[in-house]
Amino acid sequence: MSLDYKLKISIPFENNNQAEIAGNSLRPDPILKADEMTVDFSTDNEKLICYFQGVSDRVIRVAVSNVLDNIKTIIECIEQFEG
Amino acid sequence: MAFLSTKFPSFDKTIFISLLVDVDQHTLEEVKTKLIEGNKDYDFAFFNTNYIISKEHLLNGIHRAMINYKNGSAKSKTLNTEIILNMSPVSNIMEALKRFGIDSSKESANLLCVKVIDDDESLEDINNTLITNLGVSKDQNVELTDDFLLKSVDVAKFKKLYKLNDAKYNDKKPLQNQLTRLAIGACLLRGT
Amino acid sequence: MTVDLDKFKKPGKDYYLALGLEGSANKLGVGVIKHNLGQLSSENRAEVLSNVRDTYITPPGEGFLPRDTARHHRNWVVRIIKKSLVDAGIKGTDLDCICFTQGPGMGAPLQSVVIAARTLSQLWKLPLIGVNHCVGHIEMGREITGANNPVVLYVSGGNTQIIAYSRQRYRIFGETLDIAIGNCLDRFARVLKISNDPAPGYNIEQMAKKGKHLVTLPYTVKGMDLSMAGILSYIEVLAKDLFSSNPKKNKNLIDEESGELITPEDLCYSLQESLFSMLVEITERAMAHVQSNQVLIVGGVGSNERLQEMMELMVNERKNGSIHATDERFCIDNGIMIAHAGLLSYRMGQINDLKDTVCTQRFRTDEVFVSWRDD
Amino acid sequence: MDVVSQGAEAVVFVTTSHPYCSQPAVENDKYIIKYRPSKKYRHPKIDAQITKNRTVGEVRFMNKLEKLGINSPSVISADYVNGIIWMEFIGDGLPNGDISSVKNYLWYLEKNDDDDGCVSDEVQSMLVAVGRLIGELHANDMIHGDLTSSNILLNGKEPYLIDFGLSSISSLAEDKAVDIYVLERAIESTHSVFADSYNKWLLKGYVQGNKKSKEVLARLEEVRLRGRKRSMLG
Amino acid sequence: MNSPIAEYSSPDINKTLTAGDGPHSTNGKTTQISEFVTKAGGEDRDKPTEASDSQLGQLRAKITSLQDNINVFLTQRMKQVKDEGDIERRILDDGVDEDSD
């Protein structure tokens, strides 16, 4: 099956360090249905780039919403506890 | 003069057992009648010897009856009947009396007399009175032995009654011992 | 114990501080613990600096779904961590390590919490320690009660196990063959629409205190294992028959001795009496088996007073028997136990790389190498 | 009357006095009294019910074993209300004075012998015989319910089963598999170092004793898997 | 300040999704508690903390809006696929209503 459905999300943090922290926190968890989709996290300066590729809109939807939920937790953590 | 007496470690009573052989039909009928009348002189548990495989088998029945009486879990009105019931693998009292009680169906039969007595009673007096009351000769009063019991039992009928036909028997061990063990097991499980 | 717990101490610092994050079921807990250098002993106890908890509570008759439970944890975790630090009077950077529940538990809630742990670890540059939830209960119970080497009865919503230590593992001697005790109580509570606030098991316990008549229920013990599914389905049918909203279906059940009607309170009482008898029985079996005379009860159901009372009656009849139980601060899932067990790991040099911080729903108690004990 | 063991459920005494017969048809002149005391922690109704059920169940099971000629002690008497069973004495003492249960024997080896001694041919043939005995039990649809290394006694080299308070009758592969699983786990927790070998030998014997072991062993796989799955929730 | 943005592509369309014009809040439409809880009389006491005015606080609110938009968009797409599939199946099966789900 080809991963024809793609979604690239760009999250602008305050700086590269924050974006790196977010990527590192998200990366360890394995993707459910790994045979039907991939998720890749990278940074571009202060931006965190989350790239989802899947066989259908359905598989992407669940993964995206969960990742965004996690990013919100990470942001709240950084905001409250940085420095 | 021959009778057995024994005591059980956990009871204060003495067990009296006396065997009378070849008691004639008439006497046996009379004992039955007196029993039904409730005659105090006949306050024994009377057995035939067709289905008692060993003394241990008999003693287990007596012991169990006494335990049941103590626990208030006895199923019969008198200890004597309870003893007879506890020799049987089935719970029906009439059935137990038929198999184990006085057998007056033949011209003569053995009569085994069992009584649980208080310590201060004289065993000899009891035995003498029993023989006198029944009008049997002292020669008919013989010692109860396991050999005697084994000979008076029809093993095929015994196995049928205790449902032991499918049991696995070990040729190296005495059959009487094995039947004793199995029969006691069956008696202990009656009504459970 | 001859294990050296201070091989990794920081120069010039004579204590350790650990943060613990727990979220394997419907409780979110965060706590800070302090160990001084040296062996833990009656003279050198671990110190609880803070222990904060928030529970996701569902309406009567409803269980908690992973999705909503994860949402609860996610939306509360930062506030609870903040409160825990304030209560402890410390800054994040004062800590030595961050400990989190790695399993067993519900996947989504576990994951929603570990995300915070990973972020904090990077912000404060602290190592992460993944902790087995059950080992957390055991170590905290041992520490709080001083029970040195007890047989542990672990009873909670998801677990029912009899555990004893042997050769650096907490080994499972007996466990449920089907559902967990807490699950059994919760599901019964749902049938009777008993409130989930503060917890269904707590409300069953209060109702059971008013119960008078014992209804005979199935009793299934197999060796040191037990089964509860049969009891549950039996009493569910009874309860549905008795208290059906359809009056035509209402069947009354009468107590044989008194002739009185069986009430919901009687059912709660009967259920507790039967289930707890089984638990105490298998605990006693395990004690006899490993020749131990100490019992430690941990897990949420462990705070039930009747269970503790029955266990005490059992233990009192054994030579030199002693029973140890903690109150609901430590019995019910909490972050402090994760901090404590995690700190023991940390002091032995067992830490997790970021890539090894994935949570797992299945994580057996006996998988953990108990490096901090060698008795 | 001396206490032999104080188990969780019962106190076991040894005595030289038979409850009712001076020359019983058993080989040993010592007897065992197994007493299930009332448990204060249980509701009296539950307590009476359990005491009676377990005592009756045990006698019934032992009687069945006797009939089948499967090694186990012979029943001498019983008092169901008070939870007492009198039975034949089985076993001999180990050099250290402990009762010759499989557990004590293996522990004795662990303490006094080297590793080779713990997994010697003798130990293997003993455990194979134990497995065979359990196989025979299951071949007759009898479930022990509480198999542990302490519930198997050695009379010379012959293993004997004891402790049938949790026994049941069942032809289901599931029940037999759980029975074995309980033993496997007991071996793992009690004899952890050599558990793998011990369990392997037990199963080897089991297959010899139970001709219909295939279905049971398949089921055992499932039961083991379920055991691991059960730790899913915290 | 930059906003989070998502680029969607599939064999049939490409689309850019944004957080929209606001106002933004952390209380997203598509991240509410399960319906059955509120139906059973439960209240939602687990709403996220409100966003602060800081850049990160605003980012969190904007992500919530973006998340809503993505969820709505993808759900719509999934429904469409299903509807189209259903129509196709109906035509192919010529009125035979087979319960294939």
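We just call them A, B, C, D and E in the order they show up, numbering each chain from 1.
Rule of thumb we're sticking to: a contact is a pair of C-beta atoms (placed from the backbone, for glycine too) under 8 Å apart; a residue touches a chain by one contact, two chains touch by 3 or more.
Computed from a prediction, not measured in an experiment: that's the story for all the values here.
Each step here moves to a touching chain, and the least such steps from chain C to chain E number 1. Where touching is counted per the definition, the chains common to chain D and chain E are C.
Path length between chain B and chain C in the touching-chain graph (shortest route): 2. Of all chains, the one whose Cα centroid sits at the greatest distance from that of chain E is B. Comparing the centres of all chains, each the average of its CA atoms, the largest separation from chain A belongs to B. Pairs C-D and B-D differ in how many C-beta pairs touch across them, and the larger number is found at C-D. Centroid to centroid, with C-alpha atoms defining each point, chain A and chain D lie 57 Å apart. Inter-chain spacing, taken between the CA centroids of chain A and chain C, is 33 Å. Averaged C-alpha coordinates put the centre of chain A at 16 Å from the centre of chain E.
Averaged Cα coordinates give chain B a centre that lies 88 Å from the centre of chain E. Multi-chain contact residues of chain D (touching two or more other chains) are absent. Each of the following residues of chain E touches two or more other chains: 31, 48-49. In chain C, the residues that touch at least two other chains are 71, 74, 78. Touching chain pairs in this entry, ordered by label, are A-C, A-E, B-D, C-D, C-E.
Residues 21-22, 24-30, 69-70, 72-74, 76-78, 80-82 of chain A are the ones that touch chain C when the two sit in their complex.
Of all residues in chain C, only 71, 74, 77-78, 81-82, 92, 111-112, 115-116, 118-120, 122-124, 354-358 touch chain A in the complex they form. Within the complex, the chain D residues that touch chain B are 17, 19-26, 56, 59-60, 62-63, 66-69, 74-82. Interface residues of chain B facing chain D in the complex, by the touch rule stated above, are 6, 8-10, 54-56, 59-60, 62-64, 67, 71, 73, 164, 166-170, 174, 176-178, 180-182, 184-186, 188-189, 192.
Across the complex, chain C meets chain D through its residues 24-25, 101, 103-106, 133-134, 156-159, 164, 166-167, 169, 171-173, 175-177, 180, 183, 214, 216, 219, 221-225, 273-274, 277, 280-281, 284-289, 309-311, 313-314, 317, 333, 361-365.
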